[in-house]
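Presented sequentially are two complexes of subunit A, the first with subunit B as partner and the second with subunit C.
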Partner chain A sequence: MTATMTTSTKTARRGEHGKDHRPTRRRAGPAPVARGVWPLMLPAVIVTGFLVILPVLYTVWLSVSDRRPDGSNSGFVGWANFSRMLDDPLFWNSVRVTLFLFVVCLVVETLLGLALGYLLSIDVPGRRIFQGLMLIPAITASVAVALVWLLIYDPSLGAANQILDAVGIDPVVWLGDPNIAPWSIAIVDIWQWTPFMALIIAAGIRSLPSDPFEAASIDGASNWRKARHVGLPLLMPVISVAVLLRTVDLVRFFDTVYVMTQGGPVNSTNTLNVYGYRTAFIDQQASYAAALQLSLLVLVVAIAGLFTWWRRRQTIEY
Partner chain B sequence: MSTDTAQARGRRIVPVYAGYLVAALVFFGPVVFMLWSAFRRNVDITGSIFDITTPLTLGNFTNLFERFAFVYYIRNSFVIAGGSTLLGLILGVPAAYVIVRRRLASVGFLTLLARMAPGVMFVLPLFVLSVNIGAPSNTGLNFLLLIAAHLIITLPLCIWLLIPFFEDIPISLEEAAMLDGCSVIQRFRNVVLPLALPGLSVAVTLSFIFSWNFFLFALALANNDTLPLPVIAFNFIGQGASDYGGLMAASALISLPAFLLTIFAQRWLVRGLTGGAVK
Partner chain C sequence: MSTRKTVISCAVVAGALVLPACGSPSDAMSEGEGGEGSVTLVMSNHPFQRGIEPLIPEFEEETGIQVDVQTFAEQQARDKIQLNLQSKSSAMDVFMTLPSREGPLFATSGYYEPLDDYISGAPSEYDADDFSRGAIDGMKVDGTTYAVPVNVEGPVLYYRTDLFDEWGLTPPETLTELLDTAAEIADRDPGITPITLRGAAAALPFTFGTFVHGNGVEFTDDQGAPNFDEPGAVEAIDQYATLARESGPPGVINYSFTESSTLFAQGKAAMMLESSNELNSVADPGSSTVTEHIGIVPVPAGSAGPAPTVLSWGLAMSPHSENKEAAWQFLEWATSPETQLALTEADIAPPRASVAEDPAYTDTLDTPTQQAWREAVADLQENGNVEVGPVGSNAPAMRQVIGDAVGKVILGEATPEDAAAEIQSGLEPLLADG
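And now, the complex of A and B:
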């Protein structure tokens, strides 16, 4: 980090000299008041290094060594933990569970978010207040969210089955059935994060320019065609930001799952993050857990990279 | 959009409010259900949800404080969230200032990467560290470790929230101070900080809530004397098999700061939640 800072300082200085003759020179390089301020940043840089970079390096070391539950480490073991991972059906199961939750939640949250976002973008009295209140699910502590949904999903006393019963549908074993539990968990995430998605999309809709829509109206486009062929493409950058933010969180899915099912029943909700945690703290296999977590980090970075690439393509296209 | 008459606005109010009603039922329903259940007796909670005439009681809350000493868990949550917020601010405020004045947007983005990494990645090394320094049996050390761990949340958040506030401070004020012979530190303390006060209050509130809500680090690192609210509420599930009233009261207590925030600082909430992607 220090290295990065020195380089950027140099670049900035060079920029200043190069543009000496231009009247707006202050915009190019650091203003005089900005000289000598960088030591103020040093504490944050050092702490970030200790808190973020050291743990990652240590995790890399753990993943290629063998730490025992008693705390001793028998040293470098090469790729052993990673090859074990590739042969571990539980690992592949957790990859599947993670991708399932990721796809289901993201698709539903985006579609519902578009609809709700449109609703929240319409100018009516009280819009701002309602929009603010819609943040409540996202800001509520995930543990509290998980606990209230545990009560809602309770097989005999829960609100969900009581409501189903009232409309004449048979009770559902929400969290006890391996085929249903992943869907139940997905519902909780969709409930918690759709309004958040909608809020970002609503902000995007409200900042859309009106000219393209007027042009489309003159050309005789229907409302649906205007939304589909003018609005949606213009909204793509905003939607992709929201999608990226949710992606990063969904791949690391932990709190709700851990509180509600701890990965069960029969590992049907065992996401990569939960599996990594259980391996480290319940099975006490730190080294194997480190390998699992590194694979998760790779997955997060890969998906984030993919989206950045996709987003760039979208921007060029329109 | 531009040809907006009062009549047209009147016509769409009804369907929009109908939409609001549906959205409110779906998205506020579970929260209202939680708050309501927190004030109901266990016999009623396990009864019909359609029976809204059952008596309300404070019993679940008094139970939490009398039988489970919740005062201590609230205190622990305050120590951890307060400590990490304070440290995040002390480190983040000058850093955000430098990022703005030197236009180091890329460095600011680096701190955001910390948010993207899975929390479990930090927990394992921190746990090994805590065992090595004897933190599991030492309350003070344990608190320090938890505060440091929560810095991973609060520091990037503080930096990202403060950047737009520093951007709004006119550079001419600092130039004037410089001509008067103020040093960097004096300028920062006497000119910049007072002007950034609104930003500081936003950063304090949001950091506090995010740290208060955070579950994973304390789950792995806390000992019996440092357990914060989210973890004790989680441990509760096993203990009081069907004490749903207690669980809901605990959930309500955990959620309280966040609810207050939604009312008072909602404008900044979006930026906090989106990591600066949306202003």
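And now, the complex of A and C:
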């Protein structure tokens, strides 16, 4: 991911310096592996095999068998868990909740991140300190963040309603109304992860070449047109990496919900990951939970694949 | 040659990296800390846990057995306990359990060490027959004892004596009176929450159960089929949901015992429908502003008469423990008459009849609050229905079904009739499954 990003940025730059005026479609492949080095990769391959591939294979087995809470397994049951899933209204509800949080958080975080990232890219005194402070939400454990927000959202004693009260707005039941709770959870995620987006984007903006902007000025482009038609396309590789990172996290949304609502009220914040957890650990149905989690895996891979495909197209055009 | 050497050394390094990853981290931990004479105990955050922890050093001194205590919030404790049991880990020897909820599930899954032989082998001072019938029967599944009871608790109604005196109100005796009283409190002082009670799906059935029984409904019939098609069930849902919606705190749908106790202890609620166990949380002068003004009465009666429910927490032994003798020694000590008497100082209602009547205990209950509490607990013990929720190995999932359906009525998203139908059809497959 990162490798492709640097390559494309380099490609863009090279183009500006006149050595190669056409954006290239050639993508640098991995360097040939020096002879005798491959055994050095063996530990990584073996560890990955044990820690990633085996659990996934076991999950696949669980999902097509019937594991009982006592650890016994009554064997292959075919697609039973998956057909149950397709008939399960709670499953479809959790897919809807997952996609809602994914879309709302991603759109808001990207737009706010762009605006904030632009501000951060301007050299003003104290910028570095501010930049450091902005990292705090992203490096704080989500559980701690969720606990603090629980206090803020408390309907009678919390800061959120006191602020609303001070400006004359009626108190809001942040986590107690199925129509509001998903938005309240989204606000927490946006608060926590927008600065991270902004920092990546700010770094991207600072590394942009100045020549294309100068050229556009000479051609008489307005600031808006420069930003829209020169800056944004050049930034696209950076933005898409940031978006991809957030996508993978957002689709498997868990910790904030687990601490704040456990999926409630009446399942309005029950993301696919929380539902899978509840099925496995509260209802003790490991096989059905495995099927749910596999559907989550498919969802993550599908969305990430879509983004990667889209990003490649974007990168090639510039 | 050199390549082959590299391959071999890499494989060794890789193996060394991978092997520790196979054992669970908790296994490694218990090897480091324990030995023959140590017991690892997993408890959930509960008045019993807060009461017993300070007493454990006495046990360690007496027996030389070291006790490693791990405490988590209720659901996290369950996760931890179930992970240990599912993975057949020896890292946990003793755990707190709620047999009324998870007894059949755990028993059929082989999560409990049967305790009958240990109990019959205990010295005569232990006096196992001293446990009240309801408490010890609650620890049994199909006649086998799987845990020893550590307390007795059930829903009771807490109310603010100062406010009731000021407004000339009397504590409600029926559910209809309860709804009227709550409405009247709202008229007197819009600034106070008339009643705080459970709304969170998994926690709600515990207090909601008294409404079901009070309206003459059992959770299941003789054939083990759900009974929510009876008119009393609709009435129970309507009463509970109306109370929560009209007179409960904002955000009641997320409330469990911690939220209710906090609100009541801060003087922001006039009544509280909660477990008798919460006395310590709401009366502790360190955290409560209403210590002097707490009244307690049994849960108001429904159309079919008073119907309290009662349950006991128990201590159980892991069948995968490698220190079963030491684990039993701990269980025996924790549920002995002496320890249970000591626990009453932390407001733990004793499951032993001898302790409940011991003047060394009853004489210490000298405030009006404590006396009212003792009467309410005695009522629970005598008349309490042990069917806190529908019984079966799917009990946790069944409680979620009930909690979700009643929750929708609290939020005004469904009618009581819809909810009763939803519970009926939701429970059918779960009950049929075992």
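One rule holds in what follows: the second predicted complex is superposed on the first by the 274 of 318 C-alpha atoms of A that agree within 3 Å, B and C clash if a C-alpha of one lies under 4 Å from a C-alpha of the other, contacts with A are read in each partner's own complex, and residues count from 1 in each chain.
Note that a contact is a pair of C-beta atoms (placed from the backbone, for glycine too) under 8 Å apart; a residue touches a chain by one contact, two chains touch by 3 or more.
The structure displayed is predicted, hence computed values, not measured ones.
Aligning the shared subunit A places subunit B and subunit C in steric conflict.
Touch criterion met: A:N267 reaches subunit C, while subunit B stays clear of it. In the superposition on chain A, contact of A:P43 is made with both subunit B and subunit C. Of the two partner chains placed by superposition, A:I205 touches none, neither subunit B nor subunit C.
In the superposed model, A:F281 lies in contact with both subunit B and subunit C. Contacts of A:P69 after superposition: subunit C is touched, whereas subunit B is not reached. More residues of subunit A are touched by B (comparison of subunit B with subunit C).
Applying the stated contact rule after C-alpha superposition, one finds that A:L54 touches subunit B and leaves subunit C untouched.
Touch criterion not met for A:V257: it reaches neither subunit B nor subunit C.
By the document's definition of touching, of the two partners only subunit B reaches A:F130; subunit C does not. After overlaying the two complexes on the shared chain, residue contacts for A:V173 are found with subunit C alone; subunit B is out of touch. Remark: of the candidate stretches 96-104, 114-122 or 132-140 in subunit B, the one overlapping subunit C after superposition on chain A is 132-140. Across the two superposed structures, the residue set of subunit A contacted by subunit B and also by subunit C is 36, 39-40, 43, 47, 51, 71, 154, 281. Contact residues of subunit C toward subunit A in the complex are 2-3, 6-7, 10-11, 13-15, 17-18, 21-22, 75, 78-79, 82-83, 86, 88, 105, 108-111, 193, 199-202, 249-254, 263, 268, 393-394, 396-397, 400, 404, 407-408, 411, 413.
Looking at the complex, you find that subunit A touches subunit C at residues 36, 39-40, 42-43, 46-47, 50-51, 68-71, 154-156, 171, 173-178, 261-262, 264-267, 278, 281-284.
Of all residues in subunit B, only 1-2, 4, 9, 12-13, 16-17, 19-20, 23-24, 26-28, 30-31, 33-34, 37, 45-50, 90-92, 94-95, 97-99, 101-104, 106-107, 110-111, 113-128, 131, 148-149, 151-152, 155, 159, 171, 174-175, 178, 184, 187-188, 209, 212-213, 215-216, 219-220, 230-231, 233-234, 237, 244, 247-248, 250-252, 254-255, 258-259, 261-263, 266-267, 269-270, 273-275, 277-278 touch subunit A in the complex they form.
Residues of subunit A touching subunit B in their complex: 1, 4-5, 8-9, 12, 26, 30-34, 36-41, 43-45, 47-48, 51-52, 54-56, 58-59, 62, 67, 71, 116, 119, 122-125, 130-145, 147-152, 154, 157, 159, 162-163, 166, 191, 194-196, 199-200, 203, 210, 213-214, 238, 241-242, 244-245, 248, 251-252, 254-255, 258-259, 273, 276-277, 280-281, 286, 289-290, 293-294, 296-297, 300-301, 304.
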